[in-house]
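In this document, chain identifiers A, B, C and D correspond to the written order of the chains, with residue numbering beginning at 1 in each.
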Amino acid sequence: MSLEHNFFDDYSEGAHPRILEALNKSNLTQETGYGEDSFSSEAANFIRDRIKNPNAAVHFVSSGTQANLIILASMMKPYEAVIAAKTAHINVHEAGAIEATGHKVISVDSGDGKIKPEQVLQTVKFHTDEHMVKPKVVFISDATELGTVYTKQELEDLSKVCKENGLYLYLDGARLGSALTSGASDITLPEVSNLVDVFYIGGTKNGALLGEAIVINNPGLQEDFRYHLKQKGALLAKGRILGIEFLELFRDDLYFELASHANQMASQLIEGITNLGYKFLVESPTNQIFPILPNRLIERLKERYGFYVWTEVDAENSGIRLVTSWATPEEAVAKFLSYLKSL
Amino acid sequence: MSLEHNFFDDYSEGAHPRILEALNKSNLTQETGYGEDSFSSEAANFIRDRIKNPNAAVHFVSSGTQANLIILASMMKPYEAVIAAKTAHINVHEAGAIEATGHKVISVDSGDGKIKPEQVLQTVKFHTDEHMVKPKVVFISDATELGTVYTKQELEDLSKVCKENGLYLYLDGARLGSALTSGASDITLPEVSNLVDVFYIGGTKNGALLGEAIVINNPGLQEDFRYHLKQKGALLAKGRILGIEFLELFRDDLYFELASHANQMASQLIEGITNLGYKFLVESPTNQIFPILPNRLIERLKERYGFYVWTEVDAENSGIRLVTSWATPEEAVAKFLSYLKSL
Amino acid sequence: MSLEHNFFDDYSEGAHPRILEALNKSNLTQETGYGEDSFSSEAANFIRDRIKNPNAAVHFVSSGTQANLIILASMMKPYEAVIAAKTAHINVHEAGAIEATGHKVISVDSGDGKIKPEQVLQTVKFHTDEHMVKPKVVFISDATELGTVYTKQELEDLSKVCKENGLYLYLDGARLGSALTSGASDITLPEVSNLVDVFYIGGTKNGALLGEAIVINNPGLQEDFRYHLKQKGALLAKGRILGIEFLELFRDDLYFELASHANQMASQLIEGITNLGYKFLVESPTNQIFPILPNRLIERLKERYGFYVWTEVDAENSGIRLVTSWATPEEAVAKFLSYLKSL
Amino acid sequence: MSLEHNFFDDYSEGAHPRILEALNKSNLTQETGYGEDSFSSEAANFIRDRIKNPNAAVHFVSSGTQANLIILASMMKPYEAVIAAKTAHINVHEAGAIEATGHKVISVDSGDGKIKPEQVLQTVKFHTDEHMVKPKVVFISDATELGTVYTKQELEDLSKVCKENGLYLYLDGARLGSALTSGASDITLPEVSNLVDVFYIGGTKNGALLGEAIVINNPGLQEDFRYHLKQKGALLAKGRILGIEFLELFRDDLYFELASHANQMASQLIEGITNLGYKFLVESPTNQIFPILPNRLIERLKERYGFYVWTEVDAENSGIRLVTSWATPEEAVAKFLSYLKSL
């Protein structure tokens, strides 16, 4: 690519240098395979500590789709189904991974990517008998696919409606770091953890080479989870890699610092673009933003920068998506804004 | 572990230093996600070149079980089944991964881990109508779970019986490097490739951090393979990692040198153990060997070395498994033999 | 039930007497099992003749959900999906049967239960790459769940858009008899058959004890279909029963006469209810009708008649569903109307 | 067929006349659909009474394969597996129906079609960790595919080993009538029922048109079973048919009388064939017998009678299978024997 910089996504670069260092340093130590190494064990302890749940089960896997399909398959009986926003990753962007494990994804409309308690309730009420699937899990992502985040109150309300209706609440945290360190967030990691049955902490999109940390809080869902991992091809012989990465991310505040940086870069973009008089498709406080720009200007921008055109707004304007990451240089943001201004 | 060395398996250590270097060097380059990066593309070219099949489709995944389940699911209609040795990885050690995709594994007895053409033929003849599954794929591993390897003639015969009976031949090459560089091998990589419809080249057990390279020779099996990868959670956002690794392994002869080293270390163990008067469960020319030792001696060995006791031979003797790898130091082998001698 | 009559559905009674007679008459003849009997063979011939496709494959199964799940599973690769109306039986009332075979049902909104060509086209365009499922089949029912029917033009347009986009068209004909004999129909059985790749002719809801006749017109979808039937538990040891039933239904015009009677009974209900000044939720020309009645009147009706309350219309009125069948006595309809008038 | 009589199987004829009568008599009664009719309810009561378990859940389905796949899918988590004899119907003759629901069938060798407690124990011990499936159900048939039956002691021992190892015991009773009324049986229906978690009582092979009665004794396995039935296409709209049949079979001793007749016909065949000096492949006390006859004589027999040649015994002799049923006329047996004698 001969672009100056791309804002396509938050996985365009490799890993944070500290992670590569840790891989280097530990390289020749002999370890037990398949996730039973000392690094994974230590990383799990750090995470349990961070979320303030000493009884959580922690497992590491390679990708978000893998996490979603294994977790959901482990939570449901054959006739049970998962409720998700129409825009949810599992409903649109996982090539039918959940259905391939035998389960229906019941989609509910959502303008901002978030599910409301009333929608959960309506869905439960609609499914009255054995001619229909039985809703069992509510799937949410935080941040959502639209970059929005759940407030503490919203999560508490969802958690409550789930508990009252015998549903599990599962949170896809591919961008959880970005959600928690965003200016819009009024909730902490232990608080989020405490409100959900299962969630995963995304590594791939926040400085790891690869890897997501699955956290199972509900003791009833912890049993035999490694069987599910193995059956779906998720147990890595050198599981140590995942352990080493998360150890580095959670040994201190690195995980949050990286997410915070990505958010700051997005904020600078928002500020700059707003100052130039442009609006946004949706108000996103995280590392994905959706400015609306004139099409002719978008064409010019494309000559130097990588990004996706998200949606047509009207005949002359479109919404684009800009994504920042732990690795986005402040300088790249500044240059982008200055180029935009010059057009 | 306070052991002097462990011979548990060939994935106890991290990656070959050149691979870590390559990850470091490429770390901040921005790349397209999900396996469409320039490294993966270049690595695929090197592999196509090595196997002398410019039309092969090459894909990279994270683990052997993942490779097996995705490949087999992509090859069969719902009522079709795969024939495998009773000891095959997919039949015993993948937690029912193949069945979880809906397909029966038809197992045939095998003393040495290899399948014979007659067994394929018998199995096909036994399955006469729609009350039974329809055999469609023959699954073999090379090297096998018992460390044995297929000769050129054996592979040609299997390939012939498969073609004559409308079956696909699929080879699990988790330890293909070790098989091809073993003294018992009389076949080359392009020759193996030419005889099978699909195979994978194992990286995890031969110097990579993680990763297996799937090679699809049969054009009829290439279409839409990335859908299968995505659906099973195998497309890594930073697919570049897998590309970078295989690029390094196949840029020159590194892949074969690493396997060769593992085999040499195993040879030295065989020679030393034979000289001490011990026999073996099976004659393995690769990096897994199975010496028979007195139980009291095994107990003493365990104090300093890691390995698995494989099977009881009689009241006083057992077979153990020793595995060497690209990272096994010659010194560790020498020390092990000298300690064994001293007991 | 101490009700005068129930209009719950079209499967409240047993079979048309001629079918029972045929079962009786053939009872002690010895026949080959699993659908390979002479009755099934003869019935298949009658059906091929009726639809004017001598090359169609015809199979008999026990239920509509069974037909749907087997047919759809036989038509799709693991990552392929079926497009259906939001109200479609497979989307709502089959307890996730399609997803349990591994496939996503992509639902599209539909006020009248019918799918429009533009919706098919939009759905195809939305699914751009391997991160999403690949639409492969369009599922329609005729009559629909709302009692509406497709016109010839509508079916031709759907068939065209499917062919142009490499999609199969599959028609669920649980109530095909009612659709074809309805006043609103301008299409014949051979014409319907000619426009779809696969369809089934419903027996259960039109005079049979049980049974649906699957017709596969597309030769590419005929191969090995009996394997799918067996694997899903659909091959009956005494498959003769299904053959005997369809032989009786298609030996002459019995199938159409029965459907026609059901439609006439519905027409009489519509006329009578309209004359009393009531309106309908949807204009249905088949054997399911949806009158809107005052709630206090519905309560009174319930004392003597069985039917489902379908939906609330406003604070004082609801839509109910009345279903007639081949067995509905004209007298029951007259009495119902006269009772309704008296309230 | 121009044969005098066929002994191919026990489903060559239709239903016992009393069943057809009952269908006739009840034909126009209006009933609730999908198995919630009064006949099914009454039949379930009769069965609960017969097995002396007022808390059993009873459901009716159309075929044995359907019963097996639904029951087993309802009993296991995704990584759990079922142990069965190598010759078991689910392992050989159901086209991979169990695997299609995602579960491995672990087969154990068995000369007589029966599983021994030691085999269960060995299988459990072999499966040590999450790299392998986890055995959860033991599947047996009574009578077995070879016509043999379990003694009370054998069933008690199996039940014990299952309970001690956290396994469910499931009995496929496609020919349970024949097993219980055989001379070799020392166990009653309530005793069998009491020793297993789930079983089904075969109707199709014992006088019904179609249908098997599933009995779930284990309360932990009863919940939501109708969801499984619906999802797999097993809920018949006119479920009344199945209820009516089983009501007739269990209203008095009809079920046992029919099975007893089939056994007597087989006994007469055994006695006659033995008197002529022939031996048997296996000693079967039920309605499937396996005499060994000279090949030249088998050819002559085939001119007048239908039966399967089961296996080659030596160059000049083969084992054949003769199956009798509730409908086998005593005269047909006598004629067969007299013809055999004449050859």
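Definition applied: a contact is a pair of C-beta atoms (placed from the backbone, for glycine too) under 8 Å apart; a residue touches a chain by one contact, two chains touch by 3 or more.
From a predicted model like this one, the values you see are computed outputs, not experimental measurements.
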Label of the chain whose CA centroid is most distant from the centroid of chain A: D
Pair joined by the larger number of C-beta contacts - C-D, A-D: C-D
Separation of mean Cα positions, chain D and chain C [Å, integer]: 33
Between chain D and chain A, distance of the C-alpha-averaged centres to the nearest whole Å: 51
Numbers and ranges of chain A residues touching at least 2 other chains: 78-79, 94-96, 100-102, 130-131, 133, 227, 230-231, 235
Chain C residues touching chain B - in the complex, by the definition given at the top: 34, 73-74, 77-79, 101-102, 130-131, 133-134, 224, 226-231, 235
Residue ranges of chain A in contact with chain B within the complex: 1, 3, 5-6, 8-9, 11-15, 17, 20, 23-24, 26-33, 61-70, 94-97, 100, 204-205, 209-210, 227, 230-238, 240-241, 306, 327
Interfacial residue positions of chain A with respect to chain C in the complex: 78-79, 81, 92-96, 99-105, 107, 130-133
